[in-house]
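Here it is: the structure, laid out below.
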Amino acid sequence: MKDMNMETRVLIQPNKIEARNVQVYYGDNHAIKDVDVDILDKTVTAFIGPSGCGKSTFLRCLNRMNDTIASCRVEGLIKIEGEDINDPRVDPVQLRAKVGMVFQKPNPFPKSIYDNVAYGPKIHGLTKNKAELDEVVESCLRRAALWGEVKDRLSAPGTSLSGGQQQRLCIARAIATSPEVLLMDEPCSALDPIATAQVEELIDDLRSQFSVVIVTHSMQQAARVSQRTAFFHLGYVVEYGETSQIFTNPKDPRTESYITGRIG
Amino acid sequence: MAIKFILPTTLVTLLLSQGAAFAQEAAVAEAALSPTLQRLLFLAAALVFLSIAFVMGRNRATAMRNTVAMMHSLPGFHGAVAVQWGALGAFAGVIAHAITGYPMGMLGAVIFAVALALMGVAYALTTIKPDFRARTFTERSVMAFLILCSLVAVLTTVGIVASLVFETAHFFQLYPASEFFFSTVWNPKFGGGSSLGIWPLIWGTLYVSAIALIVAVPIGLMSAVYLAEYASPRVRSWAKPAIEILAGIPTIVYGLFALITVGPLLRDYFAQPMGLGDSSSSVMTAGLVMGIMVIPFVSSLSDDIINAVPQSLRDGSLGLGATPSETVRKVVLPAALPGIVGAVLLAASRAIGETMIVVMGAGAAAKLSLNPFEAMTTVTVKIVSQLTGDTEFASPETLVAFALGLTLFTLTLGLNIVALVIVRKYREQYE
Amino acid sequence: MKASSLLTQDPRTKKRNSAEKRFRGLGLTAIVIALAMLVWLLISIVTAGSPAFRQAFLTFPVLVDQTIVDKAGTRDPALLSAVTTLGYGKLLANSLRAEIAAKGIDLGDLKPKEIAQMISEESAATLRDLVLADPSLIGTTIPFTALASGRIDGFYKGRVTMETAALDKNTSPAQLILADRLLDADILSVKFNTGFVTMPDASDKRPEAAGLGIAVVGSFMMMLVVLLLSLPIGVAASIYLEEFAPKNRWTDLIEVNIANLAAVPSIVYGILGLAIFINFAGLPQSAPIVGGMVLTLMTLPRIIIPTRAALKAVPPSIRDAALGVGASKLQTVFHHVLPLAMPGILTGMIIGLAQALGESAPLLLIGMVAFVRDFPGGLFDPATALPVQVYSWTTRGDPGFVERASGAIIVLLIFLVVMNATAIYLRRKFERRW
């Protein structure tokens, strides 16, 4: 019943992001080859694949974080709501406000918990006064399931939290700019199982509002949290489809080998 | 075997008799040779002597190795042992005479040293046995030498502190400490009755350093930010060393620059038109030039420190849609702040201790004034002026330089320690 | 909010982007200012100093007149050396006037004394030394090149003009006019001045004769002392601290100590040298040996730091390999680690030496600022040093010395550039990434 429900939802969601024929080069190294992927709105999409297959690189294309790497060159078309994000008129600053990102290692700023979350709204001018800002901070911390743990020490430094709490703080920080897409680059790789479970629960919850793209090493995690899965291998997208279909009935032999543990 | 044993012994006796004869001749020749040449000859003779000791020790050990099954150490190490004993003997001889004031005269000292050296070598030769651990012995000596060398740094500090404290105590016997620390007048007179209050000098020092930092900190910090966050690798690869050239230029060059270029410029275009004075040496001159000198001290260290801020913090900020400058101002610089404070403190200590620029650019008049275009003087300038020329170590006018030196040393040491501790803590935080 | 397009910038983003540009511009400006200061500094010193390498000379035949230098005609050395430079000055002046008359040059209304004033007093001393060394010259006419006086020299470098000469008691416009005529007649010439780097210092009134010879020799001697002392001591201390020292409170103290010594103001080392080497140990003032030792103490911590870094850069696998074949710890260090670290150590050493070469403040206190006319024969004889010579020239009255001081800085900078270039070359050539 639950599966059924999910599939219908997936089917009715419009495309949030369309990527066509994307190529990425690091210097002479051709890291991403001919990638076509459509990301649906209000859906969790998982990118899986062996290390070095390009899944993180492709993720970073989606909010142009690759711009910060001098040797990196991106070709092809990536559209968000029909707008080419590599258009010269696009300001990456605005793009990134719309497409938020959570990183592999928790990276809270060396500021208070409050200031960490308030950072995005402040720089983008999303709130008019302190009261509004307080409200945003509280609601984001609540959504990140962190409010109960930190409400009494909002002025403590973000770095004083535990690893799992730090990562949830980073998620709270990312959703505070009210993005439309949330990119997560192996968000649980530095966390213990309990913290991982909390973050996964949170991701499932976030789906109601955002389109979430998650890169993960763990196939179980992909199976648990995502509705759609793309399998990356050597820079190519080998297979992309419903998560249940990828895991139960892969079409490509390489996907099957990976899922059964023969490559990776 | 017997012959091989006799040979070195004969050599030693021969050397002894030859040495005595040589010493007599040397006494005659001494008057004819310049002291420098004598020293060189002495050094050369010592080297030759030690080489002979080495060869004798090694040959003897080689000979023994041919007769026994196994020796602990290679022959070379036995030679090295002979050198060590010989050198020790000679050194002991020289030192014993030097501290007793040459009771037997220069010539007697030489003979005494030579005799001791020979005894040392002779003893070393008797130690050559298959089971003698000559390598261990040599390694221990080398180790002792290494430790001794690393103590030179400590001894330097002890020497600095001891000489400063000793002479300062001497100074305070001749001149009241309360006057030195609380008087606001600096007016040394060479017939006695001087006023030696430190405050005008401290004021000048701090004023010049403050101007230097006002110039250097913004320029240095912004350069560091640009180099670390914006510059392409190509620009960075030449701009960073180019700025660091400023740190490699001797301070005398800055001093001359202050004297012939900056001083007259400031006087003609700022001080005189504004009616603030007509001296080309001024606090402003020295401060500006010193500021230029200090730029690389701020920029290099800040650049290192900014680079030590983890990339993940920048990614986090950029990923939220911050512009690079917002990332720098709101994330990178606050994270790097302790390190940057350390860099600025080091630059301040550098400015306070700087001598040539202020000697040539700031002037010599000890004044408590706010006008930056007036000539004032600093602690370092007065150390130089009180200690150059004919220095007689009995008058307070000369000895005050040591009290000034101690003040300067304490001030800069304090700044350095605080800065080093801050920087070290900061580095550990991101390791 | 949702409707906003990525293709158009909202006003806030525009504002933020212009703040971005301003900030970036500020950073670039800072770099440009820093580099402009460097360029300004170098240009100002080079323009002020380059004239020191050119010099006005007067070339004319000199009759070594027996009636002046050897009235008795006995060639008795005692009597010959009783004639002072004043007499030889007269000799030069007479010969110059004779030459002017012979070439038929218009003297204007210059008195003989004013003509004599155009020749450097230093040249009289040079001529005297020449004649005393070879008395057979007496009575003959010899070709001689004399230094023009400082004012005439300054006239050809723009330092002296007709206007300033009119106010100057040491020269007059008429002298300058005559100098121009002498230039046309090839008696006066402006040539490259080798004497500037070979001659000793000259007194207050003779900037035209002041040279860097003793300062160069003195600096060289001190660098020799620094090298011979600080290389073994610095390397030995670094090896101990990096390879052998146990990690305890004592070695920690030594480390903190070295870091602090590297930041102690250089003048404090001068005080140390004065108190310990001169007052306590009784070594002579102004001697290169004392200067060298003071600079060694100052340079040591600055050498130990890069040396330790070079030792640290040698990977542990090398040490393990040597220890694995049964070498002792000391053999490992001296046979394997030290040779591999040598390029880095040498680079640090050269840079340390370059710093020591440019250092002046501590040398002022140990008397290197004294006026020295005789070349030092050894490390214990009085000498000066390049940077200190610059300083002592700036304290003199005659403006000709400013040009000399700047010229000396050019010489100093050339030495530093060569040393640093060598260091960079060594680093590039032997740089190894493990």
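Letters are used for the chains, namely A, B and C, taken in the order the chains are written, and counting of residues starts over at 1 for each.
Going forward, a residue touches a chain if its C-beta (ideal position, glycine included) is under 8 Å from a C-beta of that chain, and two chains touch if they have at least 3 such contacts.
Model, not experiment: these values are computed from the prediction.
Colleague: Can you identify the chain nearest the overall CA centroid, using each chain's own CA centroid?
Modeller: B
Colleague: Top contact pair of chains, counted by C-beta pairs?
Modeller: Going pair by pair, the biggest contact count turns up for B-C.
Colleague: Please work out the Cα centroid separation of chain A and chain C, and write it as a whole number of Å.
Modeller: So the centre of chain A lies 64 Å away from the centre of chain C.
Colleague: Could you state the distance in Å from the CA-based centre of chain A to that of chain B?
Modeller: Centre-to-centre distance between chain A and chain B: 56 Å.
Colleague: Just how far, in Å, is the C-alpha centre of chain C from the one of chain B?
Modeller: Each chain's C-alpha centroid was found; their separation is 20 Å.
Colleague: Using the touch rule from the top of the page, what residues of chain B touch 2 or more other chains?
Modeller: 323, 326
Colleague: For chain C, what residues touch not just one other chain but two or more?
Modeller: Correct list: 16-17.
Colleague: Would you pick out the residues of chain A that each touch at least 2 other chains?
Modeller: Answer for chain A, listing residues that touch two or more other chains: 93-95, 98, 123-124.
Colleague: Which of the residues in chain B come into contact with chain A in the complex?
Modeller: 232-233, 310, 312-323, 326, 330-331, 334-335
Colleague: Show which residues of chain C lie in contact with chain A when the two form their complex.
Modeller: So the residues of chain C touching chain A come out as 1-2, 4-10, 12-13, 16-17.
Colleague: Quick one: in the complex, what on chain A touches chain B?
Modeller: For chain A paired with chain B, touching residues are 63, 65, 68, 70, 93-98, 100-103, 105, 107-111, 119-120, 123-124, 170, 173-174, 177.
Colleague: For the complex, give me every residue of chain B touching chain C.
Modeller: 34-37, 39, 135, 139, 142-143, 145-154, 156-157, 159-160, 163-164, 166-167, 218-223, 225-227, 229-230, 239, 242-243, 245-246, 248-257, 259-261, 292, 295-296, 299, 323-326, 328-329, 346, 349-350, 352-356, 359-360, 380, 383-384, 387-388, 391, 393, 401-402, 405, 408-409, 412-413, 416-417, 420
Colleague: Taking the complex as given, what residues does chain A use to touch chain C?
Modeller: Checking each residue of chain A against chain C gives 80, 83, 85, 87, 89-91, 93-95, 98, 123-125, 178, 180.
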